[in-house]
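Common to both upcoming complexes is chain A, partnered first by chain B, then by chain C.
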Partner chain A sequence: MPWLEIRNLQIHFGRAAKALRAVDGVSLSLEPGKALCLVGESGSGKSVTALSIARLLTSPPAVYAGGEILLEGRDVLHMRAAELRQIRGGLVSYVFQEPGASLNPVFRIGNQIKEALQLHRPEVATDAEVIRLLRLVGIPAPEARLKSYPHELSGGMQQRVMIAMALAPQPKLLVADEPTTALDVTIQAQIIELLVQLRQQLGMAILLITHNLGIVGDIADDVAVMYAGQIVERGPAQELLQRPLHPYTQALMNSVPRLDSETERLSTISGSVPRLGAFPSGCRFHPRCSIARSDCSQAAPPLVEMEPRRWVRCPYWTSPA
Partner chain B sequence: MSEALLEVKSLKVQFPVEAGPLTRSKDFVRAVDDVSFSIEPGETVGLVGESGCGKTTLGRAVIRLVEPTAGQVIFEGQDLARLKGAALRAQRRKFQMIFQDPYASLNPRARVENIIGEALDIHHLAPNSTARRQRVESLLKDVGLDPSHAHRYPHEFSGGQRQRIGIARALAVEPKLIVCDEPVSALDVSVQAQIVNLLRDLQQEHGIAYLFVAHDLAVVRHISRRILVMYLGRIVETGEARAVCQSPRHPYTQALISAVPVVDPNSKRQRIILAGDVPSPIHPPAGCPFHPRCPVAEARCKTEVPALRETAPGRRVACHLAK
Partner chain C sequence: MSLNFGFFKTSLRIICANRLAATGALIILLFVLLALAAPTMMRLHLLGDPNQLNLNGLDKDGMPRSPGHGYLLGSDNLGRDVLSRVIYGARVSLLVGVASMLTATLIGVTVGLLSGLYGGKLDLALMRFTEMNLTIPSILLAMAFTSLIGDNGRIMHLHPAALPWHFLDVTLKRGLLSVFLVIGFVSWPGMARIVRAQVLGVKEREFVLAARALGASHWRLIWRHLLPNILPTVIVLAAMTTANTILLEAGLGYLGIGVPPPAPDWGTMITEGQPYFATAPHLVIVPGVAIVLTVLAFNVLGQGLQEQMGPRQRP
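And now, the complex of A and B:
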């Protein structure tokens, strides 16, 4: 049995007939020490899926309407509050997009990290352990940084502090939700490199949420691509990046600007991501799809294993040229 | 070489650091330090650098949204840095700006027709309300939006659509130069490509010049003819976009290029990961400002400031070691 298994997850916002189905039948699994990337554009449901793992969505308005989230075989959706407190931070830690908004501006960073230790590992809630964590995430002169306030650090350093805080309880899964989106490309490369190192060093699993397919190859073992609340393609990272099968994945990859290409125009996906609650009938991607046929607007295609370990939600998929 | 539309000469922008209520500040943030470049009509010049390198300040100083401390900004033969009052306002019609965050740069309480129409009102470009409405509708069509949405509010649009509204607003006064400050950084990849293509199309149609400010070299490479790479308030490398990206000469440019995310898993490139952050522009390092992070720095880099010198036709690099 995988360490984390999400089966047919349904997350709605609001009740009954008016419910907005943000996540619709997502299934994922993650083994210890592996890295999974969840890729998608704004509004695809990737963050909602990630937050649900430790049941972090405020409910209401969020409704866990169906499916299971099994952590070491136990269903998170049926846990009591005390059990959830152990999971949150203890087994599963989060790093979010904007480090500046996630840190408390009025406390010194040393104390903020110590708070995480006091909750989950009170026996080592000491300056020495905080310094060790800061050193682990590559903060120079950690002894001096203990007493810094968040505003005294750069964005990249703030994100390192967030990662140190997330690592403090020694989690088995680190969920990083767009951890580099607010950062410069050079700092983005540093943070991804840090995550790769930490994973090797500590053996924890990583779930990385991103809209940028460019950073996937550096870190992921497996990739799942989400569109309009559903997974449209899933597979091993190297294979999927080399040979994307779903038309959406192909289009997404083509729209990433490349340094080496000579084309004047960037290829685009026409239109925009459909709004939550206004998903098209049939295949949700069909209005923007370049190979859509007439029946694509009728029947909703299932996610099918088209080749070994390659799952695709499109009956008309083709290998890229 | 044709006549430049904009010529920036030894531009400096410094901000005083607040010392205290009664003490005079002695320190200055040297946000832009002795920068010179030019833009020809209808040309796109890309300006690349990390946060804090001064690229936004430079973009704003060029169109007098921040006051230059020294130097000249010559736009169509007139020095903008010295213009005042009505003369400056008259010039302002010729240059516009597109901002980074489409959620923060549109008034949430104004309808789209008024967001765009306000620009027309200020410069008296619409004689009556019918002309104003028609102009707004045609601008919306130009940027790929439905003209019937003119009465809507910004919150009814997605991020990409909002950025299109920002572009329509900039186009309203028929400018000759648009400063685009990270116009696609806040957008999804697929929408980024749409906006970049739209900017290209508009340029071809209207002959507008762009100063395109961004931290992502891959995007800049796609839209620009020439690139300026900025570090700690100074230009460290300039040249044709293709040449700079294919054979970067400055170690900083090389690191920036290696940091660009690549989708292709087969690319066997060596990633240069820069240590640390951009140093403080209040007390920049002595010698070459990049030397503390530079993988190839030598002894003289710590003492001598490298000049921006021509290494090949059209190519200038500020590095002692560049050939």
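And now, the complex of A and C:
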């Protein structure tokens, strides 16, 4: 059994008939020390999936309507509050998008990291351990930084502090929810570099949520592409990036700017992501799909293993030229 | 956040940085010092006894003396020193004002926090109850409460029994405790609503989610992440509320249902001086000015703090 296994997860917002199905039948698995990338546009359900691993969505309005999330064989969706507090941080830690907003503005960063230690490793909740963590995430002169307030640090430094906080309880999985979106490009590269390096050093698994395909190849072992609450394609990172099979993934790859081609205009995907609760019938991508056929609007295609380890939710998939 | 020296230094820095806040704080400090020093000053004969009936205090027609004539601020219809009474009145006003503010803050913050945090039916119930309270004029509600409370009396020693710090003594004549509780119980609704709004904003901020993701318990989220972030608002509201509670206390005194006589109370002093307004206007003007100054000082302090700490909350 995998270390983390999500089976047929259903997450709705609101109740009964008016429920919005944000996540509809997502299945994922992750082995210790592996890195999985969850790729998708805004509103595809990738963040909701990630937050549900430690049951962080507040309910209501979120409803865990079905499926299971097995963490070391235990179902997170049926844990008691005390158990949840143990796994939050202890097994699964999170790094969020806006480092500035994720740090409490009224406390010095040293105290905030120490709080994370007090929650899970109270015996080492000391300045020395905080300094060690700050050094681990590459913050220069950590002794001097202990007494800094979050607003005194740059965005990149704030994100490093967030990572230090997330690492403090020594989790086995680090969930990074678009950790670089709010940062500028050079800092993005540094943070991704740091995550890669920490993963090798500490041997923890990483679940990276992103809509930036450019950083996927740098870090991921596996990739899952999400669209409208479902996984449309899943496979090993290098293969999937070089040879995407689902028309949506292919379209996404074509819209990434490349240095090695002569094209002047980037290709785009026509239309926009369907609104939550107004998904098209049949295949949810068919109105925007370049290879859609008439029956695509009728039957919803299942996610099928089309080639070894390559799962695709499209019966008419083609290998790119 | 521990109450260490740094906390006071930060507070002092914030207050000094704003002229409004500094002015308000200075006036309040003056009143507080006078109020604390009153018993000592009396023992040193710098100040008359506020309750001493004194024939020398009346002129040959038996009327109150105007300011000057051996009494800096004149005497009242019973020959008592008005300066002394106004200073002793500050003890009552400030004590009742601050104690009611603390009561109101405790209730207001608790209700606002529960309402904002848990939402749903609890929020609905608490907020409708709060609004119900807001529709009733607080002075009417306070009058109704006062008429319900019985009359008891005792002296409260705020200092350890072994130490003769009698300047900390509070004469809890029938009514003092009841008056501040009553005022506290009618002054919280505004606070509750604003705290609720603040909590609704702060609880959605990402650092609360981040703390939850680290396994922080409910209590920890409230104490470490919500409360410290709404503290600036609460402090401003507390200063403004104190202005209101002092005014309300004077109002109750004026209506004769505040701290009962002969305790020197600003509101009561105005009532007692009213019949002599034509011949001895200082009996009304002096306590009136004291009320205006104190209320103004607390309002100005609150406003200054608001300018200094908001609208973007600084650490």
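Keep this in mind: the second predicted complex is superposed on the first by the 321 of 321 C-alpha atoms of A that agree within 3 Å, B and C clash if a C-alpha of one lies under 4 Å from a C-alpha of the other, contacts with A are read in each partner's own complex, and residues count from 1 in each chain.
The working rule: contacts are C-beta pairs under 8 Å (C-beta built on N, C-alpha and C of every residue); 3 or more make two chains touch, one makes a residue touch a chain.
Note that the structure is predicted; figures quoted are calculated from it, not measured.
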item: Three-chain arrangement built on chain A, chain B and chain C clash or fit; value: fit
item: Which of chain B and chain C A:213 touches, first, second, both or neither; value: first
item: Where the C-alpha centre of chain A sits as vertex, the angle toward chain B and chain C in the overlay (nearest 10 degrees); value: 80
item: First (chain B), second (chain C), both or neither touched by A:2; value: neither
item: Chain B versus chain C as contact partner of A:25, first or second or both or neither; value: neither
item: Which superposed partner A:14 touches (first chain B, second chain C, both, neither); value: neither
item: First, second, both or neither for A:238, with chain B first and chain C second; value: first
item: Residues of chain A touched, compared between chain B and chain C (which is higher); value: B
item: Which of chain B and chain C A:190 touches, first, second, both or neither; value: first
item: Touched partner set for A:169, first chain B, second chain C, both or neither; value: second
item: First, second, both or neither for A:93, with chain B first and chain C second; value: second
item: Chain B versus chain C - smallest C-alpha distance in the overlay, whole Å; value: 8
item: Shared contact residues on chain A - chain B and chain C; value: none
item: Interfacial residue positions of chain B with respect to chain A in the complex; value: 50-52, 158-161, 188-194, 196-197, 200, 215-219, 221-222, 245-246, 255-266, 271, 273-274, 276-278
item: Residue ranges of chain A in contact with chain C within the complex; value: 54, 56, 60, 84-90, 93-94, 96-98, 101-107, 115-116, 119-120, 149, 151, 162, 165-166, 169
item: Touching residues on chain C, where the partner in the complex is chain A; value: 1, 120, 205-207, 209-217, 220, 224-225, 228-229, 231, 313, 315
item: Residues of chain A touching chain B in the complex; value: 41-42, 140, 154-157, 184-190, 193, 211-218, 237-238, 241-242, 251-253, 255-260, 264-269, 272-273, 275
